[in-house]
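Reviewing the structure listed below.
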Amino acid sequence: MPVTVKTFASSNEAAAALSSDRTARYLGGGTLVMRALNEGDVSISTVVRASDQALARIDASGPRVTLGAGVTFARILSERELAFLHAPARSIGGPAVRNMGTVGGNLFAPNPYGDFAVALLALDATVAVQGGFGSRDIAIEEFLQSRERQSGTLVLSVSCTRPASADAFRYRKVARIKPKGGSVITLAAHLPISGGRIAGARIALGSMAPTQIRAKAAERALEGRALDAATIAAAASAVTEGTSPSDNALGSAWYRREIVGVHLRRLLSGQE
Amino acid sequence: MTRHRGRGMASINYPIGMNLGGDPSQALVHSNPSGKFTVALSSIDLGQGMKSVTRQICAETLGVPVEDVYVDTADSDTGPHCMGSFASRGTHRVGNAVMAAAREARGVMMEAAAEELEVNAADLDTDGRGNIHVKGAPHRSISTKDVAIAAQFKQGKTISGRGIFLVPLSNVDPETGEMSPATCYAHACLVAEVEVDDETGEVDMVRMDSAYELGRALNPRLVEQQLVGGAWMGISHALYETPEPYYPDPSHGPRDFVEYLMPGPGDICPHDIAVLERPAPDGPFGAKGPGEMCANPVLPAVANAIFNAVGVRIDDLPITPEKVLRAIKAQGGARPQARR
Amino acid sequence: MSKTPLQFRHNGRDVAIFVDGGTNLLVALRELIGDMTPKFGCGQGGCGTCSVMIDGEIHLSCLTLAETVAGRSVETLDGMKQGPNLHPLQRAFADNFAAQCGYCTPGMLMAAKALLDRNPSPSRADIVEAISGNICRCTGYESIINAILAASGGRASA
Amino acid sequence: MLELRKDIFADERDDNLKEIGKGTQRQDMLGHITGTSSYFNDHKLQGMLHLKVVRSTHAHARLRRIDTSEAERSAGVRRIIRGADVPVNLNTLLSLINFGKDDEPSLAVDKVRYKGEPIVAIVADSEREAFEAIAKVKIDYEPLPTVFDVEDALKPGAPVVNETYPKNAFIYHEAYDHQRLRFGDADAALATADHVLEQRYQMSPIEHAPTETNGAIAAPDTNGRYVVYTSTQALFFSVDTCAKILDVPSNTFHFIGGTVGGGFGGKVDTLTEPLAILGAMLTGRPVRYVFGREEEMQYGPPRGAERIYIKDGVMRDGRIVARKIRAYFDSGAYTRLSSYAAVKCAAHLPGPYTIPNVYGDVYCVFTNRTPATAMRGFGVTAMDFAIECQMDKLANLVGMDPMEFRILNAYRDGDMKAHRREAKNTALIECVQVAAEKAKWPIRDEFRRASSRKDGGGSRAAIPPTPADSRARPAAPAQQRTTYDRLPASVTREPPREPPPPTPPAAPPRPSAPSHGATRFSSVFGRRR
């Protein structure tokens, strides 16, 4: 049986089709669903698409930035207003993958993929989803933790608040292969500074747990302090707390635990 | 200081052709009526340049321009038997077979030319530009095209040749291992410079300098392709690759090019190569085979450079950042050795 | 029958085919149109041998649902020559011996063209980035980088 | 950057050639840059079917039941192929040169020996339909104990991986579970050495990862033949292997290949051609069988892993006086080419150095992993890694510069090698000298003046007295026969002679016997003297 492709004009209809059919998957940029089909994943028999232009919209005019789920990484890189997201967008794939892969799809990408979601987690993004019962907003942390149950939902957009300064948001993907390789670990840090002190620190990690997670102990070590060497060292030594990395082809759990503090220290102190 | 540089070296040799011999290859060469030649092989070009190098060998042996030769490969109906493209045997074995076939074809071509010029074939030579002339009298000449026409339509001769090359099979003494594994060997020495991050165990290649001895560089550009690409593969074997990252535990095998690690275009380093040519007595124009041995010296040279940089010996391939970091931690930190 | 009609521009010519649901663009190009220049290397998006340009942007044809190119323009290596003449990139790849087995070459050339179409004088770092999604197992990349530098008027280091 | 050092060995070369030595453009370059080079998969055949295999999900298991009834009824399925459908469902690649015993089925019948081993092949109208049918094949496995470590596999009581070799090791010369190399008295020399260094080295498997995966398209041709487009690296190896497995004369096939998207050794094993042809025979239609990337990476054969122990004796002045090596090739579940790699490895010992006492035992061991095969540097890559890391350690141990240490111990023209043949045409010293020069690595004058053509031979040409092994000869399975050893173990044998010189390039070609029918390479040269 060939796969059935259903294309809808509105995301409402697409979401309804998706939630009513367990064999249906939503086709974004194709990097997940087309690969699964190419590799013989027969659990997918329906591919759902939506031509809704809202899914490809970028709203970057104000302090709150909204990215349609269908926005590609290449489009993010072409928007000067989205400079704070350029580093994570550029860290994904090669140019072809960036022309195809989408913000929405990245939320579903399993290890060792899903680097953009690490950045969004540090930025405390909100995910707007269209479920069977209408649309709603979910905090990204909750979305990622319950990702296994989200496959029947359609992501509409992601939004976050623009960091106050270029320095307040930092991102690093540690890969074996240059310039592009799978993530050994990925780190993102949002460090708003208020009166010389960090207020509302968020550190997100990729490949340090089954899904992207926050390093809450490291956040606590930073909170309310100046970003000096002692604070950075305290955050670096606390960063493995609560993590549960695994072994995979790119590195072992041991190695990830060993280096995550080194890279957090380098990231926060501006070292290469 | 977290990054340390070090240099290491290694030298190797490599046997040419299937171990113990017994691996024949054949070639057929024939001319069409315009004096253009086809080489029929069943050998394989997998990128190493089989078609190109046998074309040059054939042209040189026939004494015609390389443009007048085309190599057709591999078709089991038209190409005579060849053991295959492996064991660094292509240039040496197939090259010799092509040379033998081209020599026989040249013999017929010279006989046909001699008949046209009414001289003795032994007094003729080729100019490599498509003409055959009387030695010492270049004006008494005939083009290979005219010779081919005359041979085909007037003299009834086939300008063609058959060639085979076989290193006879050697047996092995079960008690001592006495044997004749190969008739010639290629050689190499390579110096690798690396930079090691002692907090992450990451190793970056800085540069490589090498000398490769391969009998004769039949085509230096093809040699360069093999040596540059082969050394890249050596880096890859040294630092990155395996389908079983936790060998002998078979788990976590890579499934795609993100999980299977090979150095990307941003991981390469300058590589200065010197090529030495000590002709092999039984190689075609002395050639051995550069294809396989080029990667081999890189692996130990990199391992030895890492020791020079941080004082740890990693004896398990691939040398991953994890292995380097574990070893550095086990010895209580990096111990840079005397700078080389 | 559940075939879907599909029309698009292929190297400047309009083509019309019928595809099965789920057919990717690589299969459509190779098996339905007969353009064998894009190659299958992985079907996973990891090797770049199937790279084509869609509306001037580089894409992986193996991960592109064929029917999404309806009405769009698809360029492959088959359309790179300018009439009978080689494209400067093709000449530069030849001059720099930037192909060995040749299997990655179509994808590399498309990735390089996508770069030069937007950035006619790229730096070495730009080139490295542009081909970072394309695997070559033979060359070690150096000759390919040099070829692209040469085609863009830069000086190759070899 | 490549520099030709024409000044070195100039007296041995004629550099006045017309085509040789020129950087002529590749014959295939225009095809490559225009995308018109034709690989096996670039052939579009009318009505082509697609073959996919069901692979074992266990590394070692008995197959209790294989139920394909639901898969047979699946949409688009043209034919299900089981082991019983394969005319000769047991083969070993090197049976073509009469080396080793048939030990590997094309499709597993009663047992699987590695994860990913093919059990059932499905031929369907589309790849999707083949995948759907695969999902409907039910296999009842009885898992068996597994062994993954080469040294564990050789221990008594280890699970038997491959019943053809019940001790989990390839049998050499009907006598030993390893290939030996004996030259001089290594133990005596170790006892008198100033320093002894024993080290362990290991290499994990390595995947060839050619950008083009393994594959073949087979189609019925006119007059009862089959045309086969293939990615093979060894055309006649594939032709003859298919003739054997499918039990038909080799001229049934018209194989076309020759332009291959990288191989590096990974396209010698003839894995896709037999099933593609069988599919075409059973359906009367063109059939394509091409590996997906994950199949290529995990179930396509890799360069096998190796474990190596080296024990060296070195004198204070830097001379190596003894080298003792024990090496294990991890063949995976079947022999393929690892048995041959071990012999090549033994021949390579002790590396490009003249060492008066050398002792080597090289094992080819079976484990429950993907069978290994040849790869660029076959049999040598890991050993070179081990030897050259060891050389660096030895140089360090005696306080010598590693370049000078190599030159001191390098083999030279006229020296006797450990496999008892004279070293000729050597050039290691010159390579070390030039690499040192290029890298601006200072070496002392006496080492700069050394030459491969000087100071070899003489006492270095002698074969030293070699004590017979004290170890009892292990009992050998009676049925073992290899090219290497046709004589019963008890017969006193003549040592192998230096073979006659190879066919000189100038010699007129010998007429070749026509290749037809089921001719095996072995019938051409498999006899011993």
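Every chain is named by a letter (A, B, C and D) in the order it is written, and numbering of its residues begins at 1.
Keep in mind that, in the parts below, contacts are C-beta pairs under 8 Å (C-beta built on N, C-alpha and C of every residue); 3 or more make two chains touch, one makes a residue touch a chain.
Computed from a predicted structure; not experimentally measured.
Novice: Out of B-D and A-B, which chain pair has the most contact pairs?
Specialist: B-D
Novice: Could you please state the distance in Å, as a whole number, between where the Cα atoms of chain B are centred and where those of chain D are centred?
Specialist: 17
Novice: Once you find the CA centre of chain A and the CA centre of chain B, what distance in Å lies between them?
Specialist: The computed centroid separation for chain A versus chain B comes out at 46 Å.
Novice: I'd like to verify one number: the distance from the centre of chain C to the centre of chain D, where each centre is the average of its C-alpha atoms, in whole angstrom.
Specialist: Their C-alpha centroids are separated by 35 Å.
Novice: Could you put a whole-Å number on the gap between the CA centroids of chain A and chain D?
Specialist: 44
Novice: Could you say which residues in chain A touch two or more other chains, in rising order?
Specialist: 2-3, 37-39, 179-180
Novice: In chain D, which residues are in touch with two or more of the other chains?
Specialist: Answer for chain D, listing residues that touch two or more other chains: 1, 25-26, 28, 126, 128, 209-210, 259-264, 292-294.
Novice: Which residues belonging to chain B are in contact with no fewer than two other chains?
Specialist: 46-47, 49, 221-222, 224, 228, 230, 233, 245, 253-258, 260, 262, 264-266, 271
Novice: Viewed as a graph of touching chains, is the assembly arranged as a line, ring, star, complete set, or other?
Specialist: Contact pattern: complete, every chain touching every other.
Novice: Chain D touches which residues of chain A in the complex?
Specialist: Listed in rising order, the residues are 1-3, 37-42.
Novice: Can you list the chain C residues touching chain D in their complex?
Specialist: Against chain D, chain C makes touches at 20, 22, 30-31, 34, 36-37, 39-44, 46-47, 49, 76-78, 80-81, 86, 90, 93-94, 97, 99-106, 109, 135-138, 157-158.
Novice: List the residues on chain B that touch chain C in their complex, please.
Specialist: Answer in residue numbers: 46-49, 221-222, 224-225, 228-233, 255-258, 262, 264-266, 268, 271.
Novice: Sort out for me which residues of chain C touch chain A in the complex.
Specialist: Those in contact with chain A are residues 2, 4, 20-22, 24, 43-45, 48, 51, 57-60, 62-65, 67-68, 111, 114-115, 128-134.
Novice: Contact residues on chain D for chain A in the complex?
Specialist: Residues in contact with chain A: 52, 75, 126-132, 134-135, 292, 294.
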